[in-house]
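The structure appears below as structure tokens.
In this document, chain identifiers A, B, C, D and E correspond to the written order of the chains, with residue numbering beginning at 1 in each.
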Amino acid sequence: MMKAIAYSTALCMAAVWLAMPATASGAADRDKLLSEPGVYGTFAAFSFDEDWTKEDQRTRIAHLMVLKGVVEQYQEKLAIDLYLLRGLSDHADLLFRIHATELRDTQKFLVDLQASLFGSHLKTAVILNGLTKKANYVPGFPEQMKADLKAASEPGDKPYAIVIPIRKSAEWWSLDQDKRAEMMKEHTEAALPYHKTVKRKLYHSSGLDDLDFITYFETSKLEDFHSLILSLEKVKEFQYTRRFGHPTLIGTVRSLDEVIEILAQ
Amino acid sequence: MMKAIAYSTALCMAAVWLAMPATASGAADRDKLLSEPGVYGTFAAFSFDEDWTKEDQRTRIAHLMVLKGVVEQYQEKLAIDLYLLRGLSDHADLLFRIHATELRDTQKFLVDLQASLFGSHLKTAVILNGLTKKANYVPGFPEQMKADLKAASEPGDKPYAIVIPIRKSAEWWSLDQDKRAEMMKEHTEAALPYHKTVKRKLYHSSGLDDLDFITYFETSKLEDFHSLILSLEKVKEFQYTRRFGHPTLIGTVRSLDEVIEILAQ
Amino acid sequence: MMKAIAYSTALCMAAVWLAMPATASGAADRDKLLSEPGVYGTFAAFSFDEDWTKEDQRTRIAHLMVLKGVVEQYQEKLAIDLYLLRGLSDHADLLFRIHATELRDTQKFLVDLQASLFGSHLKTAVILNGLTKKANYVPGFPEQMKADLKAASEPGDKPYAIVIPIRKSAEWWSLDQDKRAEMMKEHTEAALPYHKTVKRKLYHSSGLDDLDFITYFETSKLEDFHSLILSLEKVKEFQYTRRFGHPTLIGTVRSLDEVIEILAQ
Amino acid sequence: MMKAIAYSTALCMAAVWLAMPATASGAADRDKLLSEPGVYGTFAAFSFDEDWTKEDQRTRIAHLMVLKGVVEQYQEKLAIDLYLLRGLSDHADLLFRIHATELRDTQKFLVDLQASLFGSHLKTAVILNGLTKKANYVPGFPEQMKADLKAASEPGDKPYAIVIPIRKSAEWWSLDQDKRAEMMKEHTEAALPYHKTVKRKLYHSSGLDDLDFITYFETSKLEDFHSLILSLEKVKEFQYTRRFGHPTLIGTVRSLDEVIEILAQ
Amino acid sequence: MMKAIAYSTALCMAAVWLAMPATASGAADRDKLLSEPGVYGTFAAFSFDEDWTKEDQRTRIAHLMVLKGVVEQYQEKLAIDLYLLRGLSDHADLLFRIHATELRDTQKFLVDLQASLFGSHLKTAVILNGLTKKANYVPGFPEQMKADLKAASEPGDKPYAIVIPIRKSAEWWSLDQDKRAEMMKEHTEAALPYHKTVKRKLYHSSGLDDLDFITYFETSKLEDFHSLILSLEKVKEFQYTRRFGHPTLIGTVRSLDEVIEILAQ
């Protein structure tokens, strides 16, 4: 389909395409999907096949336009975020975080993506499914802690994102709610000093994959994020963790256009 | 064989093919295979090779017709169900659940499938074999619990399916039957609230693969399914579980025709 | 070499080849290899490469004739059994069980097989080496148990075969012979009810690979085999098992000619 | 692009290229990056794809010039070290150690490298991210030990480099700082005899990948390095180590020019 | 380069090449490398790529001559032994054991090997590095045991070789030298009955890879070797072993010429 178009035209078209704004209605849904409970979050990480870097730039640009098309087609119903993992994670090159009210909508998007020209270069590396839920332990926390947790994080870009899958031990789940709540209070106290510089989001995933939780972090200060994890490793609750990472996915938050720019080169 | 047929004809033929009803006799066997003890259940998950998405649509449609032919040829003797895993599971794209009175009939089907034009694009990802058996602990349960277990699940489609392989610890098997029955009663109590919205089916597989059980779930409410698993993680019996998932296979229940439609695109 | 031969001739030749009887002398050696101690048993499982199903039938038949030739060339010195794993095991498609008085004879056969036209399509999946030995604990068993163990298994085909590798814990080996003998008596009692319908053969493999034992089973009643394994999981000795399966290889016992017929299609 | 250039010219160009000195300003940054806390260290190990050794020498030289170009372009901002792992490690052929003040600068370099002609032959094997920090336990050590730690290592080349990833147990992190400091003092005492012949550098990586630490060693005396590790395995702190190696990366320190010379052959 | 040479000539050249004796000086170094402490031993196992068996015989012979050339070029400085693993180990086809006074010499050989025409068909499977050291516990053994250990092994070929990597537990290393010596005495007593028929060589590898020891065995009686391992599993010291094998490499000792003959077919 691109064969008759001259090289310069292809680049030009790409530029035009990149400049197209997302629809306003999509933006509205996105806020709800990213903040409400009962939303499914899927982390789908892919690596490129060996042919990708061997394709010429024009073919790659054509394929990236297809990526843009598929993502934008689903932006109204789904909240789709992109991350560049290449160079920082050895598991995958590209990560999609997809929020949806039904997991089959997410599946439809990913099946379409993989069936596309761009998708033919992707190899599935990791897929993690989770669910947002109302806070479990927070209602029982002291008022000051609740207030601290509500404080907004520092404004400005948070270019780094990290995904850490977690599985608790059988012993953890056998503890009664009070004991777990007490330990989660200690956990939260240890985390509070990093509340402003490290944004967190929690997904519950027991049964939806081989995990209990997917923890998602955004930050501009990776050193703070590292200190946060170190603090969390020191509290009692950490001893009930059977799997932490494996894989840890680390990368940079990127707009769809940035991803296209980077991969077009 | 398809080379002389024009593109539109191929699509048309596919449409006709898709409309062919399954034979009535097949349907009868199917009910027995899906409800009786002493039936072998095999979960065979495949991923597509790299060439699949690179084939043109017409070739893919020709291949999918072959899939349809092979499945329908065996539908009279076997109960074959299909699931789309792509996008939700990172282990495989397509799952077949096959019920048979003899495992070698299942093997014959899968060998034929893999030898077919369609099968040449499949890579075996996971094969799990199990056996349906009469309920082990239920006879000793209180009458009310037995009645609750007999209650029909809510009518309507259950679009999601999840397969979780389980291996118990050596300690579990060393417990006497009474102790295990007591814990299974607690397990069943924890599961009952989800009885109506989450359908379950159990396969015993000690010796038939590296597992003790294959648990199979169908639901339209994934959040309920998640809550069910969370409840089951909290009962004492869960502490005797050495492997839970690894892999967890999650996908959507699809008719053969739906699979063909989706993969033809 | 097959290029000048017409398709029908190739099929015809294959038919003739398939009808050639094994030599009588080979059969004699086979009985000794399969019953005596001090014989090496190797389980070599292979999967087909992606090109195999893409070859046309005539080429596949030519390759399968080569397989037949290589196997028959070694049948006099080795006892070679074939099993079809495809469809039932996710680790491999084809299993060879080879008995030899010297492991280097087995190696010679497998090196020749892999160097052949047919072998060029095989990828090594699993190789397990073991050794038959005189029964270790049986001499101390009660006379009735010894008699029961000598009872012949039910006549008739046993179409299914299962291979389960086992590694015992360091604790097991540190127990004195009496304690181990006592537990093996309990193990044998649990196994006896299945003696007639499930044939067993034991290979010792400490040092010859990452295992202590290879257990081999043949049966026509997989449900009995499953019950046998379940019974064995319940005895005390099972708690000293560190690895059980991983992989479990399950398939159907096939003559060389059956394998060729199935793979030619 | 290289097609019109004669073979001898290509070699000649390569020689000229190899002789180009690194810029002085780059060298200055390098010292700071390699000595200060708050610097990110990434270990990115790659293996060559199957086509690399099949390329003719001229193509390989052209590709290696691209490698040189990409590395030198980033040398001013990043400190990039190269190691040849091939022949000594089974995980990878080539290792890059990159120091940067921001991990996204490291990502930019590695993305560019992988997008290059040379990079098209690389398969990502392992990526480990860490952070340099001020010494945690040293301030509390006795004065003599502090002095000993400050002693310079023996002058001269240290041709061997070893990278050992470490993960501590949850129990380690749950100990109070005093107990950990005491054990780290014992650890340091055991290490001191090797201080002069084995250079060490520590990276903290909790949260940045599936580790707590990356330990990096340089030596000309591998036997001393082996004795050092053996000494460290004997101290109490080692019992709180859950992962040590897996992978251990071992190779030789190489200048960019040496790597090019070796890989051009 | 071989293209202009007729097939028969190639075979003839191969025959001549095979007949060339190793230089006498090389043999002298070899004795020292194989008997003295402070020597590095590397076990590098490779599998063939899918193209190897698909090459015609003439090409394979040309490639094998290159192998011969590379090995002989390094024989003066290194002691290089070859083993055929194919058919007995599922990890690799060909094993090189290389002894060197400096690990970078070993690296040079393996880099050259992999860069050669022959090497382009090799995929690295396993690399293990170790170091020979003076006996640690023997000096404290009773005189009779020392004498027994000095007894020569039975003359004659030892066609089988087995490599078993070992990692001890942290608890082992935390024991004091006396306790370890006592257990090693028991270990040695258990091993002595097999001293004449099973040759052993020990390499220390803490830090040089993910192991503590590489144990190497040669025997003509695999059954004796199996009994030796079984005896060693029963002594107390074995309970401090965290990894034993994984992989166990088993194969046949082969001269360079034998390897060439076998692989040429």
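The rule is simple: contacts are C-beta pairs under 8 Å (C-beta built on N, C-alpha and C of every residue); 3 or more make two chains touch, one makes a residue touch a chain.
No experiment lies behind these values; they were computed from the predicted model shown.
Trainee: Mind listing the chains that sit against chain A and also against chain E?
Mentor: Correct list: D.
Trainee: What's the rotation angle, in degrees and to the nearest 5, for a C-alpha fit of chain D onto chain E?
Mentor: That pair's rotation angle lands at 70 degrees.
Trainee: Would you kindly tell me how far, in whole Å, the mean C-alpha position of chain E lies from that of chain B?
Mentor: 47
Trainee: Where in chain D do residues touch two or more of the other chains?
Mentor: In chain D, nothing touches at least two other chains.
Trainee: Is the chain-to-chain touch network here best called a line, a ring, a star, complete, or other?
Mentor: ring
Trainee: Follow the ring of contacts from chain A, passing to chain D on the first step, and record the chains in turn.
Mentor: The chains follow each other as A, D, E, C, B, starting at chain A and passing chain D next.
Trainee: Would you pull the chain B residues touching chain A in the complex into a rising list?
Mentor: Interface residues on the chain B side: 47, 50, 53-54, 84, 86-90, 159-160, 162, 164, 222-223, 225-226, 228-230, 233-234, 236, 238-239, 241, 244-248, 250-252, 262, 265.
Trainee: Within the complex, which stretch of chain C touches chain E?
Mentor: Those residues of chain C that touch chain E are 38, 40, 42, 44, 49, 103-104, 106-112, 114-115, 119-120, 123-127, 129, 131, 170-171, 173-174, 204-210, 212.
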